[in-house]
Amino acid sequence: MIRLDELPEDIQARVQTTRERVALLHGELPANSLVVWTAGNVSERVEGTNLFVIKPSGVRYDELSAHTMVVCTLDGKKIEDGTPASLSPSSDTAAHAYVYRHMPQVGGVVHTHSTYATAFAAVHRPIPCVLTMMGDEFGGEIPVGPFAIIGDDSIGRGIVETLKESRSPAVLMANHGPFTIGKNAEAAVKAAVMVEEVARTVAAAEQLGTVVPVAQEHIDALYDRYQNVYGQH
Amino acid sequence: MIRLDELPEDIQARVQTTRERVALLHGELPANSLVVWTAGNVSERVEGTNLFVIKPSGVRYDELSAHTMVVCTLDGKKIEDGTPASLSPSSDTAAHAYVYRHMPQVGGVVHTHSTYATAFAAVHRPIPCVLTMMGDEFGGEIPVGPFAIIGDDSIGRGIVETLKESRSPAVLMANHGPFTIGKNAEAAVKAAVMVEEVARTVAAAEQLGTVVPVAQEHIDALYDRYQNVYGQH
Amino acid sequence: MIRLDELPEDIQARVQTTRERVALLHGELPANSLVVWTAGNVSERVEGTNLFVIKPSGVRYDELSAHTMVVCTLDGKKIEDGTPASLSPSSDTAAHAYVYRHMPQVGGVVHTHSTYATAFAAVHRPIPCVLTMMGDEFGGEIPVGPFAIIGDDSIGRGIVETLKESRSPAVLMANHGPFTIGKNAEAAVKAAVMVEEVARTVAAAEQLGTVVPVAQEHIDALYDRYQNVYGQH
Amino acid sequence: MIRLDELPEDIQARVQTTRERVALLHGELPANSLVVWTAGNVSERVEGTNLFVIKPSGVRYDELSAHTMVVCTLDGKKIEDGTPASLSPSSDTAAHAYVYRHMPQVGGVVHTHSTYATAFAAVHRPIPCVLTMMGDEFGGEIPVGPFAIIGDDSIGRGIVETLKESRSPAVLMANHGPFTIGKNAEAAVKAAVMVEEVARTVAAAEQLGTVVPVAQEHIDALYDRYQNVYGQH
């Protein structure tokens, strides 16, 4: 088994900063009301390696710290990372690992059961693009992925196949909840925050009347500008 | 009357740690927006005894501390526990006591009036199992218990009879609100948090379209794995 | 004009403790998400006098303190209470004063625009008694008062006439929002918290199906026990 | 390019206090749940100058401080204000600038994507005036502005043309979100808080039944008193 303390020093240092970032970013999940109890997780690829860092299983958000973040290989197996053997990686680790293996441009993955995004997932409906901020962030509707349960690669495969057909960094896994991706963990967390926000807003809008779609040409203009020109907000 | 200070020292110590745990866990109720004012309570059996610890009546959450937690026998009577005579156990104590008497495997009970779980209770509807996390945590739908009011054993009996027919650790007492059970108080609190979360999510989903049930075989697989294999999340 | 510093010392002391209580209780309004900006106020009668203490107008909740609470006579006029002349009593003072003049048993009044209670007020609908906690706290449905606007006694009169016909300590003034009363300010604040909680719960329930009313005999039993026997919760 | 450190000292001092105010007021956006991540901004005209102060682009609310607030001319160009060149003004700066150029009485502008106000914007519906507090604050319904996207003056023009036809300090830009104005930034922030509050309340009311409009004569009386007589609340 790979031992963290036998890796080159610069990689150990990169693992350490990744662990610090991932621990800190988990705080955004409860702060943005995306999770209750332990039901959500953030991971980040360790740049230039075949490793990623993810939440330990069953640990509550206010007890997380950099040194309890679990380090895994891209097949989702924990390495000898200095954490106790009793600390397993999140039960969603296989899905994160599948994404890192099949989407090399992805540096961060987030999974939550945030209320409104999960509500769309429970009715197997994509979130229609009726807000300019959806054009900016998602480049169109937010798609639904297949129903899949833990136990094999079906969740990971469902995420990857759905996202490869879309500009959206978020997929609503049917009856389950959203998974989001980004160039790093912070970008994936931002996408998790935004998918819940637009889900809540669109749900509210549908109660008020008939939502008006944003025209495709405007979506394209918004997306292009936000992703390529803008860089900040 | 039983006097706490005349019990064996190891039992006094166990009562003390139970009180500390129960006082602390009450903080989860407002932190998770499950209660307003004083309208919810947590109890825990003192392991290996015929006693349990419960919230004092009418005391607000930010004024609770370990030494004001009331100690009761399994018939719901306060013992001489060192608290002032003016401090009564929660008005829901009889229901908690009934559960402990009739469900020996239960170590913790929680009652709240959390908004969405209580909304389902007001329409006498079980929460349908349309989310994978409901398969994990509840093993199916969350059942409704009978209408019952304080004054005799009818609330406790309604809880026990409903839960004995179900894998769910939560029951929605009609027109009243959720009661949850667990192997200890923390597990019952987690169930109280999760029942509100799934109630809110399913309520939102029903506004968006037709919810898609999770198939029974998938519910069984999720429940089995989560309860027996997994242990953490 | 009455000068506070010329009143008997024991009354000055009572005014001071009332001011402290009222300042502190205002913190419950934002803490329970009942208000935004400055849109809600608490008052309390100074026991055994013809005075009451109320929020100054236009001051935000985090800037309130005991010594800026305004002291008024029962006709709603500010006395020489040591606050700057620029500090006026809340624009709702006339309504509070009317209640104190016409309901001698009332020691505290609260007004908010809390979301769901105000939503019922906007459709002129009483909140139906479909929850056991409504039986406990309100003794039946929560009534709607007439439409009235600031400028004369019509708001105060509407509150008093509606509450005199009801066991409820809360009235939903049409198109405006809830006013609540209690034996003291804390009881009125509790009623303001509870009216919003039951409004939100009933609103959610109505989206889920047909709410089941609590039978009158059960409402009576709940109310009698909670108000007369119980005293705490 | 204008250099801040070459302007007269009294103007430099005014810029400084404006920056402090604007930095502080940004804290109200997350505190009132009007924004997630970086999706909202506040600006204020520097009194007696052709400058205004606005949020830097892409910076999160808890990292904002007075010395990172960007100073712009009324055509929306950043001056040499002492901030790093990498810090651009908010991507919504052109819209703010347009408002300052065309509405000289306006001293503050706020933009958010707050949930319920944006939901009304997604269905192109004004918020009907069914609450007395809407009479007070908005003087009638809250209007919808045209669909417009970033890139030219069309957002600013849409805001100005809509608000010039209305007493409301808030406009719901179609598929986008609310913009609010005020005599200074604090007043515009208050309007942003209130537009979300009334949007949420009216949305809830419409689920409960048929909302009852406030008669025009009462709206006029409320608005006149609140704006001209009252001054505080």
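Labels for the chains are A, B, C and D, by order of writing; each one numbers its residues from 1.
One rule holds for everything that comes next: a residue touches a chain if its C-beta (ideal position, glycine included) is under 8 Å from a C-beta of that chain, and two chains touch if they have at least 3 such contacts.
All values reported here derive from a predicted model rather than from experimental measurement.
Engineer: If you walk from chain to touching chain, how few steps can bring you from chain A to chain C?
Structural biologist: The fewest steps needed to get from chain A to chain C is 2.
Engineer: Please compute the angle of the rotation superposing chain A on chain D (C-alpha atoms), rounded to a multiple of 5 degrees.
Structural biologist: To map chain A onto chain D, rotate by about 90 degrees.
Engineer: Do chain C and chain D face each other with the same patch, meaning over half of the contact numbers show up on both, or with different patches?
Structural biologist: The interface of chain C with chain D is built from mostly unshared positions.
Engineer: Would you kindly tell me how far, in whole Å, the mean C-alpha position of chain B lies from that of chain A?
Structural biologist: Computed value for the inter-centroid distance: 32 Å.
Engineer: Rounded to a whole Å, what is the gap between the Cα centroids of chain B and chain D?
Structural biologist: Here chain B and chain D have centroids separated by 45 Å.
Engineer: Two or more other chains touching the same residue: where does that happen in chain B?
Structural biologist: 207, in rising order.
Engineer: Residue numbers of chain C touching chain D in their complex, please.
Structural biologist: My answer: residues 36-39, 57-59, 88, 90-91, 113, 115-116, 118-120, 122-125, 147, 149-151, 174-177, 203, 206-207.
Engineer: Which residues of chain C touch chain B in their complex?
Structural biologist: Counting only chain C, the residues touching chain B are 32, 130-133, 190, 193-194, 197, 200-202, 204-205, 207-212, 214, 218, 221-222, 225, 230-233.
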